[in-house]
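Some structures are shown below for you to check.
Shared between the two complexes below is subunit A, which has subunit B as its partner in the first and subunit C in the second.
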Partner chain A sequence: MKFRCERDVLADAVTSAGRAATNRTGTLPVLAGVRMEVTGDELVVIGTDLELTIRLTVDVGGERDGAVVVPARLVADIIRALPAGAAEVELGEEELAISAGRSQFSVRPLALDDYPAQAEPSADAVTLSADVMRDALRQVVRAASSDDARAVLTGVLLAAEEDGLRMVATDSYRLAVRDLPESSVLGSGQRVLIPARALAELQRVLDGDDELTVRLGEREVVFEAGSTRLTTRLIEGDFPNYRNLLPSSHPNVLTVDKGGMLEAIRRVKILAQDSTPVRLTVGGDTVQLTALTQDVGNAAEEIDASYDGTKMTVAFNPDYLSAGIDAIDSEEITLSTMDPMKPAVIRGAGVEDYLYLLMPVRVP
Partner chain B sequence: MDAFYVSVELRRRPELRGKPVVVGGDGPRGVVAAASYEARRFGVHSALASSIAKRRCPHAVFLPGDHAHYSEVSREVRDVFERYTPLVEPLSLDEAFLDVSGSIELLGDGPTIARALRAAIRDELQLGCSVGVAPNKFLAKLASVDAKPRASRDGIERGPGVVEIVAGEERAYLEPLPVERLWGVGPATLAKLNRIGIYTVADLTTVGAPALAASLGQSQARHLTELAVGHDDRPVEPDQAIKSISHEETYAEDLATIEELRTEVVRMSDAVARRLRRQKIGARTVALKLRFTDGFRTITRQTTTPEPIDQASIIAELLIPLLEPIDPTPGIRLVGVSGSNLGPVHQQLSFDDLAGAEPGTRESTVDEIRDRFGAEAIGPASAVRNGKLRTVRPGAQQWGPNQTPPE
Partner chain C sequence: MRLVIARCSVDYSGRLDAHLPEATRLIMVKADGCVAIHADGGAYKPLNWMNAPNTLNIDDSTWTVANPKGETLTITLFEVLSDVDAELGEDPGLQKDGVEAHLQELLAARPESIEDGLRLVRREYPTAIGPVDLLCRDADDGVVAVEVKRRGEIDGVEQLSRYIERLELDSTLGDVRGVFVAQVVKPQARVLAESRGFRWVEVDYDDLRGLRPDELRLF
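Our next item is the complex of A and B:
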C-alpha cells in the first residue's frame, strides 16, 4: 500500500474514523486502531467499536493498493503534527511509514486479520435534509443520558407520528422533544432507539453537507452524508412513556430574552458550586437569579422579563437549565411551570416544534 | 446543674427525695448517667457500670433515663440563662458557659449575677446549680466544680454554690491543685507527668518548658503551661454549628448475624435521618460503627456521597453494603450510625419522582406522624420485633440498655 494525500484531508479522515475506535479494556486490541485501505485513487478509513462504525472515503494519489490497521490516536497525532502540504504513506514489510517534507515516522501496525469485516448496507435508502437533521440533533441529543445503567435512556427515540418524525431524549431529569413535520424515515407507527453517542458523532459529520441518506435495518441504522458513512446498532428495549410527562396546562409563564438569560445564568453559576442550584424568583417585571454556596458566597442578578402567574421561586441545576435555553432557536424563550416541585417547560416564544422539559431541584 | 438528671426526676417523684437514686441503664451493660448525692455517698458516680453501682448501693432506686424530658428541662434552664446574657454556650444538657461581661453594668458583678441565677433556677425550676465565676472558660469550669455539693461516706456537704476566681489570683488558686484538674490531663498524661515528678499545678510551673515538651510533645506542653498560669483565650461561642448527627445503641444481648445488623442499621439510619431533617440539613458522609464484645474492639466504616442526604432509605442503602465483609459471629454489642460533612439538601428531582407520591412526602409524612403521635407511632417494618415497633428515641440508649421487659 502506498499513497499521497494532503495532510489536512488525511488528518481529518483518520481523526473522524478514530472517534469510533476504542481503548476500552476487554475489547479486541485491534479495535484501538483504524483500518486504512487503498484501491486505485480511493482511500477508505474505518474505525469501529462494534457498536458504532465511522467510515470515510478520501481521494488520494494511489500508487499501490493494500490495507493496514494502525493505532488510531497515535497515527492521527502524527499526521496532524506533520508539516503542511502533501504526506506520503507507505506500508513496508513490518511498518507503516508516514512522511512529509523531511519528517519521517514509522509505526508498527495492528493485526489486520483480526479487524472485523464490514458489511455493505442493504436496507432501502431515505433522504433527509442535512440542515434540518443537524438542527434537530443539536436540540435533542443533549437531553440523553450517558449513564449505561439505564441503556434505553442513552438513546434518542425516533418515532413516526401522524404528520412526520419525532425525536425524543431524556436522562430522567430533563426531556427534549423535537417534531420534524414532513420528514419520514420510518414506517407508520414505527419507533427506533438510536444511541445518542452515535448521533452526536453524526452531528459533527453533517457540517456542510446538503443531504443525509438513512438506511434503517433490523438491528442497525446507516447514515451517509458526503464521504462519511456512520453505522450504529439500535438500542433494544422500551423507551419510557414520555407523553404522560408533558403537562397539558401551565398556569405560570415567564417570557424572557434568550441571550440575556443565558448570560445571567453563566454569571450566577459561578457561585453555584457542588451541585448547588440556581434559584429563579418570578413575579412582576423581572426574574431574579440567585445562587448561594455555603461558606463560599452568593451571586444575584435581575433581568427584565414578563410574567403571567403567581409569585414563586424555583431552583434548577444551572447546567440543565442553560442547556435547555441554549437549545431554543428563537430570541425569546418561555419557561412555564406549575409549581416548584413540578417539571418546567422551556420553549421558543411562538415555536411549537420543540420543547425541553426540566425537573427542578428541591431546596430546603 | 447539680445531679441534673436525678434532680429532674425528683421533681416528678418527690417521694424519692433523700434516697439514693440512680438514673441510667439497669441492664447488664448499662451505665450510670447520674446519681443523687445520697447514692454518691456509697461511691456511685456517673459512667460507673450499673452492675457495680448495684453492688455498692443495693438499695438505690434505679430510674431509666428520659432524655427527651431532660432536653426539655435543659431548654428551660437555658431560657433562664439567656435573661442574663445572650452569650450562652451549652456544653452539654446540664452545663453551659455564660459570658456576662456585657451585663455587669446593668446586673451587677459576676458573683451577684451568679447568685441571682441560682436563685432563679431554684425558685422557678426547683433545681440546684453551682456557678464558677472567673476571667475565662477554663477557670470558670474549675471553680464551678469547687462550688458543687460534695458527698462522702460521712455525709453530704453543701457546696458554696458560687465560687469566684478573681483576676490576678489565678495562680494562687491553681497552684495547690492536683495536676489532673487541668483540662486535658487524663490518665495517660497524668502518668507521664507523675513520671517526671509533677503532681500539682505548682510542680508544673517549676518544670522547664524543654523537659515538659520532651515528655508530652510540643503542643500539649504549651497547652498545659498556659493553663497552669490560668491562661485560656477561648471565647464563649453561642450556637456552635452542628458538625455531625449520630445514634448508637448498646445491646443487652450480642448481635451475631448480618441480618440483625442490617435491621439495626435501618433503625439507626431512620433516627439519624429524622434528626437531619429536623435540622434542615443533610449529610454527605455517613458512617457505621460496630463494637465487638471481645476486647471492646471498635470498627468504623464510612462512605461519602456527592450530595447531602436526609433520607433514611438512602443512608441505609449506603451503609448496608459496608456490612458485607464483616464477620459478626464473635458478637457485636454496639451499633452506631452517624452523618457528618453536613450541608443543605438539594435534591435534583427526576421524572421517576412524579410517578409516585410527591417527592419527599414519605419523609415529611413520617415526621408529621411522629410529631403528633410520638416516635413509636411509625417506623421501619424491619424494626418490628414480637409485634412491637422498636424505634430509636433520641438519647434513650445513651447509658446502655435497660433490662428487656418480659415479653
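Our next item is the complex of A and C:
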C-alpha cells in the first residue's frame, strides 16, 4: 500500500474514524486501531468498537493498493504533527512509513486479519435534511444519560408520530423532546433507540452537508453524509413512558431573555459549588437568581422578566438549567412550573416543536 | 527486589536502537527478572525496561540483560551511589474494582433483586478453577450460579460457563443454571449468555445501596 494525501485531509479522516476506535479492547486489541485501505485513488479509513463504526472515504494519489490497521491515536497524532503539505504513507514488510518533508515515522501495524469485517448496508435509504437533523440533535442529545448503568437512557428515542418524527432523550433528571414535522424515517408506530454517543458523532459529521441518508436495519442504523458513513447498533429495551410527564398547561409562566438568563446563571453558579442548586425566585417583573455554598459564600443577581402566576422559589441544577436554555432557538424563553417540586418546562417563546423538561432540586 | 542508584549509561538493541547517555538513575531489578531504568521524574514509566523472562549477566561494571527475542539492554555503571536488596514477598495484587466487590456483597444480601425467590447458599463458592461469585437456590430449589461484574462483557459470560462446567461435575448439585449480573450487560454478552442458556440481569448499584431517596427524578 502506498499513497500521497494532504496532511490536513488525512489527519481529519484518521481522527474522525479513530473516535470510534476504543482502548477498552478486551479480547480484540485490534479495535484500538483504524483500518486504512487504498484502492486506486481512494482511501477508506474505518474505526470501530463493534457498537459504533465510522467509515470515511478520501481521495488520495494512490500508487499501490493495500490495507493496514494501525494504532488510531498514535497515527492521528503523527499525521497532525507532520509539516503542512502532502504526506506520503507506505506499507513496508513490517512497518507503516509516514513521511512529509524531512519528517519520517514508522509504526508497527496491528493484526489486519483480526479486524472485524464490515458489511455493506442493505436496508432501504431515506433522505433527511442535514440542517434540520443537526439542529434537532443539538437540542436533544444533551439530555441523554452518560451512565451505562441504565442503558436505555444512554439512547435517543426516535418515534414515528402522526405528523412526522419525534426525538426524545432523558437522563431521568431532564427530558428533551423535539418534533420534526414532515420528516419520516420510521414505519407507522415504529420506535428505535439510538445510542446518544453515536448521534453526538453524527452531529460533528453533519457539518456542512446538505443531505443525510438513513438506513434503518433490524439491529443497527446507518447514517451517510458526504464521504462519511456512521453505523451504530440500536439499543434494546423499553424507553420510559414520558408522555404523561408532558403537561398540557402550567399555571405559572416566566418569560425572560435567553442571553441575559444564561449570563446570570453563568455568574451565579460560581457560588453553586458541591452540587448545590441555583434558586430562582419569581413573583414580579424580575427573576432573582441566588446560590449559596455553605462556608464559602453566596451570589445573587436580578434580571428583568415577565411573570404570570404565584410567587415562588424553585431550585435547579445550574448546568442542567443552562443546557436547557442554551438548546432553545429563540431570543426569549419561557419557564413554566406547577410548583417547586414538579418538573418545569422550558420552551422558546411561541415555539412549539421543542421542549426541555427539568426536574427541580429539593431545597430546605 | 534490587535497587541500584548509579551514574550510568544504557544502550538498548532490539526493535530499534536507543541510547541513554551517562546520568544518575535508578536501576530496578525485580525478582521475576524484569529490569527497569528510572529517572528522577515521571510517575511510573521507566526510561527503558526489559520484561521477564530475562537473563542478567553482571560483568564488573557492565550489566547485560538479554531476552529470548534477541533484545539486549547494556547498562554501564560509572559510579554506584546506593545498592539495596530487599525481599518483598508475594504481593496480594491490586484491588482495582471496589464497586464489583461491593456489588457482589450487596447482591449476596439481597439475592431477590436478581430474581424473585432466589436465596443465597454461599458467596465465593469454591471450584477447582476459582470461586463462583454467588451460589444460590431458586424458588424451585434449583442451583443457580451467579457471576457478578460491573460491566458485563463476553469474558464474564465465558467465565460463568467455565464455572458451571466445573459445578456440574459435582453430582450433589445436579443441574446448575447460570445468571450473569452486571450494572450494564453489553449486547455481545447478552447474545452469548442467551446462546449458553443463561439469564442476564442488569442491576442499579445506587438503588442497591439505597442511595438517592431524596432526589427528585422524572423516572
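We take it that the second predicted complex is superposed on the first by the 362 of 364 C-alpha atoms of A that agree within 3 Å, B and C clash if a C-alpha of one lies under 4 Å from a C-alpha of the other, contacts with A are read in each partner's own complex, and residues count from 1 in each chain.
Here, a residue touches a chain if its C-beta (ideal position, glycine included) is under 8 Å from a C-beta of that chain, and two chains touch if they have at least 3 such contacts.
Computed from a predicted model, the values in this text were never measured in an experiment.
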item	value
Contacts of A:170 with subunit B and subunit C, given as first, second, both or neither	both
First (subunit B), second (subunit C), both or neither touched by A:359	both
Contacts of A:236 with subunit B and subunit C, given as first, second, both or neither	second
Which superposed partner A:315 touches (first subunit B, second subunit C, both, neither)	first
Touched partner set for A:341, first subunit B, second subunit C, both or neither	both
Partner chain(s) touched by A:151 [first = subunit B, second = subunit C, both, neither]	second
Where subunit A meets both subunit C and subunit B, residue numbers	170, 172-173, 175, 240, 245, 341, 343, 359-362
Contacting residues of subunit A [partner subunit C, same complex]	26-27, 50-51, 148-151, 170, 172-175, 233, 236, 240, 242, 245, 341, 343, 357, 359-362
Complex contact set, residues of subunit B against subunit A	280-281, 306-307, 343-354, 358-360
Subunit B-touching residues of subunit A, taken from the complex the two chains share	170, 172-173, 175, 240, 245, 274-277, 294, 315, 317, 341-343, 359-364
Parts of subunit C lying in touch with subunit A, wherever the complex brings them together	151, 153-155, 183-184, 186-188, 190, 202, 204-206, 214-219
